[in-house]
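Next come two complexes, and both contain chain A; in the first it sits with chain B, in the second with chain C.
Showing the complex of A and B:
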């Protein structure tokens, strides 16, 4: 039995390590470990709750909208603050553009190199790439000359002998199946997407001041609306936003989604591998009026792949284990805890660095193990697509059915590595379209003279109760995200975040139940344990974000326990 | 024409990459503007680029980007840089030989690539660091490839020509070092000694400022002029308040006192809402963010002071006025 170690796992956010065992050419067991810890919740203790979003936002800046959003929602929930409609529309627009931006960058810059052999593109005939482009969409950059130029640029780069970020990868691995022409297409769009993304991010900057790390505000948005000012959202800025939404929609529909389907069609095996748990959780998001009933992405829970039996979601059923994580609970780590009662102390019991292997029979990660109804679940685009499908979301169902038809696959194919990747593309299209609804409504409100973006009634701490607790739930690009807060005498007493990658990259729990990534890896065929490209395909299909996943710290503890390193 | 000819002759090289002389001169003009140099420097910049700076003919300078206790916000900001764009710089100006978020290789192959490139470019590469260095408990709070972050940064810094410290975490420890600093997070200059260090603070810094600092190295082979905190003067030489487009309102005593009220919507000064512009050095009002589109105060939120040392503890609560 061979032990594979991948550390660092690259093309993700943060620090992730995978250890796995290979038996008879198949992955027989896997352990996913987060190897970085900061303790942001402890830092949040005793701070002003109105500042919390700014601190929590730094949990991760790839997910640069969602932690701020979860935080302001948690504080607003605790204090009973309803936000104005314009603020809701602005938040939806920023979050939706973040999805489109983030998913496109994930596909090209983090995930694509698992499927695309960059060096093979040098053998492409630009004419054939042009024909391929014309056959999959009406994107205007499609001429043989254009692809010839990209090929020349790549040639100069490769022949310089300095491959930079493309050095020493698995090029030439037999698991790469794309013809040279498709590889050239993907390389061209890798570069186009890198330029496109900085353009569309401007929508978020217009509304939030900058991207990454735009501004939020408890009670609404710190976004000034005034058609008579050059210092505010006016007709000029609305026109600018309109163009940016169009750019986002065009790229999602004419480049990203057609590329995804074209590439997927060369990898039919990957609609059968990487299934995972079969359990899915969605909090739901993109409200129109603040209520869960108005969610554009509906909430729900699916057990054992039963799409037609979506169960209602209840935040009280969320708990976290630390049995196999480097934390201790006062009453022993065999029992899970709800985030409002979350009680954790870091207690590192791993090997002293530098080390070769983790003690995978004991504790092995800074990531805790969240469970819903005491069971592991998967969160993220696939969970959202399945819940929406089960609940009859028209547009998502239509896109899923159409894509499966094009790939010649049945619904079962969704429970796979490529199923996750496909679901991510589907929701990108749906949100790019959805932005128009929110934009048009915002413009209509401004036209009627409604410039309100803030509810100031409970801005001053003297208007707050002595004690309050609340939660803020968000569907982040990577999945279900929740922040839980307790406020006492105007200050944060307790803060906990349970984030998408904590769910997906979770280690084992007290019953030895695997997390979603671990479960998805088991059973995958590995061609060469020295070059485990297959592991990266499945791990990247979850788009892990480990700065997010590891952040936990008991905010009620006064001191850090000194940990004796082995 | 073979690759060697291309590398030795800039007009040939640019031509092969589809860049016209006009594009090139435009770029040099933009860089002069970002660096705060008068237009006459455009031709000097062009000359400097044409001689490929101090790194010798034929090779793009090697850049290694290390991410420790960070949130990848600095990388995100860097990829929003407008001129030159990241795709240009990575393919044409530098060789980005290590960056965990972007590199194709993983695990053993990534470590091998890193070791090889460090050996080949020993003493010459630029090391960029994002994120703080956790020092508690022997470095267990951040490990890469089984090694502690402290060991990794010391090893990588040893062979570096310059260390470029990107973001507030790497500058002074940042958010992880905020009270009570659970992991004893430190800034790079507390760990790395005896190397030229340039600090580019900000949470995150403006992408174009990171880029302009790199371009300064490429052009002139040395760091830009720095203040006492080792921050480039071209971006951190002035207070936000002194460059703010709302400054006239401040002088006239026109202050917004509540978010969303009429004075707020008129674009009045945000000082009374907690703006830290008067004590924060950064070029946000001038360079702005996202291709010059916006910046915090411009869109309606007070400056939080994210470039200043220990701002997490010293300049908070956010919505409280500073002296």
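Showing the complex of A and C:
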């Protein structure tokens, strides 16, 4: 039996480590561990609730918009503040733009490299690549000359010996199945996406005042609307925003989504591997009027893959275990706690680094184990797509059905690594389209002379009750995100955040139930234990936003190889 | 003179990890930089930062860096050194500064000149205060950056 260890995943939201066992060519068991304690929640204690978003948005620097959003929503919920419609529309537009941006960048710059062999692109025929491009969409950049230039550029880059971003992958691995032309196409779009994201930055900067860390405000948005000012949203800026949204939609529909389907068609096995728990949770988001009934992405819970039986969601049923995590609950670690009662008391009992293995039979992670109705669930794009499908969301169902048909697969294929990747593409298209609803409504309001973006009725702490508690729920690109706050005498008394990666990369709980990533790894065939590309495919399908170092151990638990992968 | 961007990197909630931002704020406060210099709060921006760097002829990243040395010590890295660093030693928060720099050269035929001003941190725990060791080092770090800007201005009038 070989043991695969992936450590560390060294990106901003903390470090992730994966230990997995291989038996008879299959992953037989897996443990996912967060190896870094952050405790940023502790910084929030005693602060002014109106400032919380500023700190919260630095919890994860990739998801600055959604953390700030969860924070202002939690405070607004606690204090009973209703925000103006314009603020709701602006928040929807910003969050949607972050989705489109995140998903496109995740696909090309992290996940695609699990499927696309960059070095093989050097053998591509630009003419055939052009034909391939024209067969999948009417994207304008499709000439043989264009692909020839991309190939030349790549050649110079590779020959300079500074592969940089491409230096840590398993190029040439037999699990790469794409023809050289498809690889070149993906590399071209990898580069195009880098320039394309400029528009995203501009839209977020217009709406949020700056980028990449925009401004938020309890009670609405700080964005000012004034047709007579150059410094505010005016007619010119609205026209400009329209172009930016159009660019985002075009790229999602003419480049990203067609590429995803084209690449997926070469990997039919991956519609059968990486299934995971079969339990899914969605908080729901993108309200039109502030009520859960108006969510563009509906909320709900699915148990045991029963898409046709979506259960209602209730935040009171969210709890977190610390049984297998490096925390101590005052009343003992066997019982899970709701985030309003949650505790962040670090108690490291793991081995002293550097170590070979974690004590996976005991506590092994800095990530707590969130559970819904005491059971592990998966959150994120696949959960959202399935709940929407089950609830009859017209556009999402149409895109899922159409994609499955193109891939020649049934609904069962959605419960897989590629299912997750497909769902991410589908929601990108749906949100890019959805932005028009919010943009048009905003433009219409402005046209009527409604420039209100903030409700200041309860801005002053003297208008607040002595004690209040609230929750702010957001569907972040990576999944269900919740902030829970308790306010006392105008200050934050208690703050807890349960982030999407906590759900998906959760360790085991008191009943030994696996987290979503752990469950998804089990049963996957590994072609070459020294190059566990398959592990990365499934882990990246959850988009944990990470770079990993892979160490491979043989049965004597001796390190045999060390590779860094993205 | 061509455009120079000074980009402060780091997370201000993790004590000395946010040194790049603290240095940037000091530069902002003191002022006196040529008009061609733009100060950018990179924070932990990663790839999302890329669009903001398009017009630069030179970029000075200011960031916490892990190397053998004493807290507050400064080490300068050129592009080649950054790209050669295969694995972590460069930036402790690892937002992919190396990836960012690598992508700048893949994207453009004439990528900007790159300099990373790396500062050895003292403490990286949760908290918004930087250590007194690093606080004391800020004036000399600012001086190093100003000298870098002057050097570039002379080379690219």
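Assume the second predicted complex is superposed on the first by the 536 of 566 C-alpha atoms of A that agree within 3 Å, B and C clash if a C-alpha of one lies under 4 Å from a C-alpha of the other, contacts with A are read in each partner's own complex, and residues count from 1 in each chain.
Keep in mind that, in the parts below, a contact is a pair of C-beta atoms (placed from the backbone, for glycine too) under 8 Å apart; a residue touches a chain by one contact, two chains touch by 3 or more.
Remember, predicted model here, so these are calculated numbers, not experimental data.
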Clash or fit, chain B versus chain C on superposed chain A: clash
Contacts of A:118 with chain B and chain C, given as first, second, both or neither: first
Which superposed partner A:453 touches (first chain B, second chain C, both, neither): first
Touched partner set for A:209, first chain B, second chain C, both or neither: first
First, second, both or neither for A:159, with chain B first and chain C second: first
Touched partner set for A:224, first chain B, second chain C, both or neither: first
Which superposed partner A:395 touches (first chain B, second chain C, both, neither): neither
Chain C versus chain B, contacts on chain A by residue: B
Location of chain B clashes with chain C - one stretch out of 3-11, 183-191 or 255-263: 183-191
Chain B and chain C contact sites that coincide on chain A, given as residue numbers: 10-12, 38-40, 42-43, 55, 58, 61-62, 109, 153, 157, 162, 164-165, 167, 191, 194-195, 197-198, 201, 211-213, 547
Interfacial residue positions of chain B with respect to chain A in the complex: 2-3, 6-7, 13, 16-18, 59-60, 62, 67-74, 76-77, 79-82, 85-87, 90-91, 94-97, 99-113, 116-117, 134, 136-149, 151, 175-176, 178-183, 185, 203-204, 207, 245-246, 258-260, 264-267, 289-291, 293-302, 304, 312, 316-319
Complex contacts: residues of chain C adjacent to chain A: 11-14, 41, 43-52, 54, 80, 83-84, 86-88, 93-96, 98-99, 101-103, 105-107, 126-128
Interfacial residue positions of chain A with respect to chain B in the complex: 5-15, 17, 35-40, 42-43, 47-48, 50-51, 54-55, 58-62, 64, 109-110, 113, 118, 149, 152-153, 156-157, 159-170, 191, 194-195, 197-199, 201-202, 204-213, 215, 217, 219-220, 222-226, 229-232, 346, 348, 350-356, 366, 451-454, 456, 459, 530-532, 536, 547, 553, 560, 562-563, 565
Chain C-facing residues of chain A, complex: 10-12, 38-40, 42-43, 55, 58, 61-62, 101, 105, 109, 153, 157, 162, 164-165, 167, 191, 194-195, 197-198, 200-201, 211-213, 547, 549, 564, 566
